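Going by the order they are written in, the chains are A, B, C, D, E and F; count residues from 1 in each one.
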Amino acid sequence: MIFVTRKEHFNAAHKLYNPNWSKEKNEEVFGPCANENWHGHNFELIVTVKGTPDPDTGFVIDLKVLGKLIKSSIVDRLDHKNINLDVDFMKDKLASCEILVMEIWKILEKELAAQNSRAKLHRIKLVETPKNYVEYFG
Amino acid sequence: MIFVTRKEHFNAAHKLYNPNWSKEKNEEVFGPCANENWHGHNFELIVTVKGTPDPDTGFVIDLKVLGKLIKSSIVDRLDHKNINLDVDFMKDKLASCEILVMEIWKILEKELAAQNSRAKLHRIKLVETPKNYVEYFG
Amino acid sequence: MIFVTRKEHFNAAHKLYNPNWSKEKNEEVFGPCANENWHGHNFELIVTVKGTPDPDTGFVIDLKVLGKLIKSSIVDRLDHKNINLDVDFMKDKLASCEILVMEIWKILEKELAAQNSRAKLHRIKLVETPKNYVEYFG
Amino acid sequence: MIFVTRKEHFNAAHKLYNPNWSKEKNEEVFGPCANENWHGHNFELIVTVKGTPDPDTGFVIDLKVLGKLIKSSIVDRLDHKNINLDVDFMKDKLASCEILVMEIWKILEKELAAQNSRAKLHRIKLVETPKNYVEYFG
Amino acid sequence: MIFVTRKEHFNAAHKLYNPNWSKEKNEEVFGPCANENWHGHNFELIVTVKGTPDPDTGFVIDLKVLGKLIKSSIVDRLDHKNINLDVDFMKDKLASCEILVMEIWKILEKELAAQNSRAKLHRIKLVETPKNYVEYFG
Amino acid sequence: MIFVTRKEHFNAAHKLYNPNWSKEKNEEVFGPCANENWHGHNFELIVTVKGTPDPDTGFVIDLKVLGKLIKSSIVDRLDHKNINLDVDFMKDKLASCEILVMEIWKILEKELAAQNSRAKLHRIKLVETPKNYVEYFG
């Protein structure tokens, strides 16, 4: 079993905001992350798949194919967007990295299955700032 | 003459948008950077000052003092904010890095002068993405 | 289960030195790391916790809370210190990264338990130089 | 159990090329990576071993010893070389990172065993570009 | 005057080899860099231009335009190539970074002039390894 | 004129301490950097030289030669040392980066001159932490 990883980037705006709470409660819990007019990040999306290498190519997956899949199914829907307002698969969800990473997993797992890829999704890692990142293994 | 540099960070939302233009013209010129609902970045703000070391301390400037000055006069006004909407010194200005870096220069130059610091401002560098940055030398 | 990671930094001096050995034996085994007058590093302390997101906040743990916990219980006791001489929890222990990382684990595990956090400690990673790091999973 | 990691580097040329295929088929499958006249990379080789610390040294393994082992058994055979043409242990194999990382594992596992090291090989990670890396756990 | 910088990447093979010298002399002078069968690098190409911001856009140059220019005129001719064999503008030249950076300057200066860009070329920086880079200011 | 840069590393302990001042005054001015028992850093030493490429080699300077010169004349005297106690050229000087970088300049300038190198020293950059660095141009 070999683990193969691809990094992609996107820039997006968001705020941490629970619509069931008052503005004051949101500011108390989320602090500056609740700023009404949004803030944003350069997100680094790091996708790891696993599998055995194809004997003809030496590839678990062609990394250019994986890169395109990540771009078309995830990055193009998040890049230069507002995660709370513009992203269909985040509608009515809290725009935290923890939730985002689980939603990204669901989409990519389905995409890989649809391609009958020999690679299985192993990990989604999402880097929000140089100090903070989250990981999900399904 | 010694050059001394301090890096600080802030996360902010913005959009590139000329209010004298139609929405279509903005999208044509600025592309996804004009996204109505904003996008954002982890900005890296890198400030270089120059001067001769104080013979008693070996310092051109105490870097903790410089760090606090950058934080109180710049970072606290930009971090977790919307550059177009929330930042007084960017009011009615295009929220591009080129404009931002010139406005940051004006503020920091005044602050250093007010402190009678032996350090003179040399360069403001603003990193917007891993691929793009701007610099201003006054 | 989501894994959430926070990075913090500290600068410290240490030497690798076994007090049961002669100076010559220490130099033979530890080489320049045994330098009598110490050497030092910029240590990067990377803490991963795991848990399920709180449905109200989308957080496994508030990363600002985790950052403060790491700072108050670990970084403040190590930063700008001598690990062999100044750090109570390293008293009479070898000041290697392997030992340090296990001691940090004990403290942080207790702190998280004391807070009834939904996050459980998963990994302590300690980066000593750009080429060397250690990890501990309890 | 402590995990200890060492990073080393090498610069090498290679091409992705299946000798059982026509030139056209190779270009179709591997694209620019099949360029007849080679291309190359700065590879980052990251080796993790695991074990319990020696009570006399606090070491799972002396990282200088591990570094020398990686250099003499792997890096010296790959650095400033052509992976397809110059590297004995890659003879008649596809020069993909997936294959390379498995061959490196075999060599390092044997070397550690020959030294009766208390450290056991845990992971080989090979970074080919800032966007792509592979990992192997045996 | 604002300085604006764009980073692009390419992976290439090369060797340092003076055709007027014997194989032995080349190996003596260039060491492993003269390896007959080539070696390679992940090159980072960092281009800085300077100018005054356009009052309508806040741009010295649209960085997406600059990125495309660098890609079409430089990166596409170097990426996944052999610098000694495949690159027309390096024909009969020593494939050192010093020579390469001067040739890249000539091409990009002409391209910017052809576009009547308000941006003037300021610096070409070429990073060959994590330890080595060269710069040229024309 | 081409500018060529080489990065080297060293790990060292130091404290900021003016022997003409009381312990209290030192702590007041230098804060935790005055810690009696030292602290330390991973220093990154970045040396830039300038000159015209040799027509036979394409080199301003052989970077392996420059690397060895930096190692033998600077790094070997600082690595795994205490800057205040162990380093002859820092005797009776304040161990700040500003002073250190000027002393390194003096030594490297003399060494390059002694070698009749076509390269002239251009800049010494010393990175002390991820947030702080100093530069000296002679």
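Here is the rule we use: contacts are C-beta pairs under 8 Å (C-beta built on N, C-alpha and C of every residue); 3 or more make two chains touch, one makes a residue touch a chain.
From a predicted model like this one, the values you see are computed outputs, not experimental measurements.
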Touching both chain D and chain E (chains): none
Label of the chain whose CA centroid is most distant from the centroid of chain E: C
Copy pair chain C, chain F: interface residue numbering same or different (half cut): same
Most widely separated chain from chain B, with each centre as the mean of CA atoms: D
CA centroid of chain B to CA centroid of chain C, Å: 34
Euclidean distance of C-alpha centroids - chain B vs chain F, Å: 29
Gap in Å, rounded to a whole number, between the CA centres of chain D and chain B: 42
Multi-partner residues of chain C (at least 2 other chains): 130
Which pairs of chains touch, using the document's own definition: A-B, A-C, A-D, B-E, B-F, C-D, C-F, D-E, E-F
Chain F - residues contacting chain C, complex: 9, 11-14, 32-33, 35, 37-42, 79-82, 85-86, 129-130
Residue ranges of chain A in contact with chain C within the complex: 16, 18, 20-21, 29-31, 93-96, 98-99, 101-102, 130-137
Residue ranges of chain C touching chain A (in the complex, touch as defined): 1-8, 48, 53, 56-60, 63-64, 67
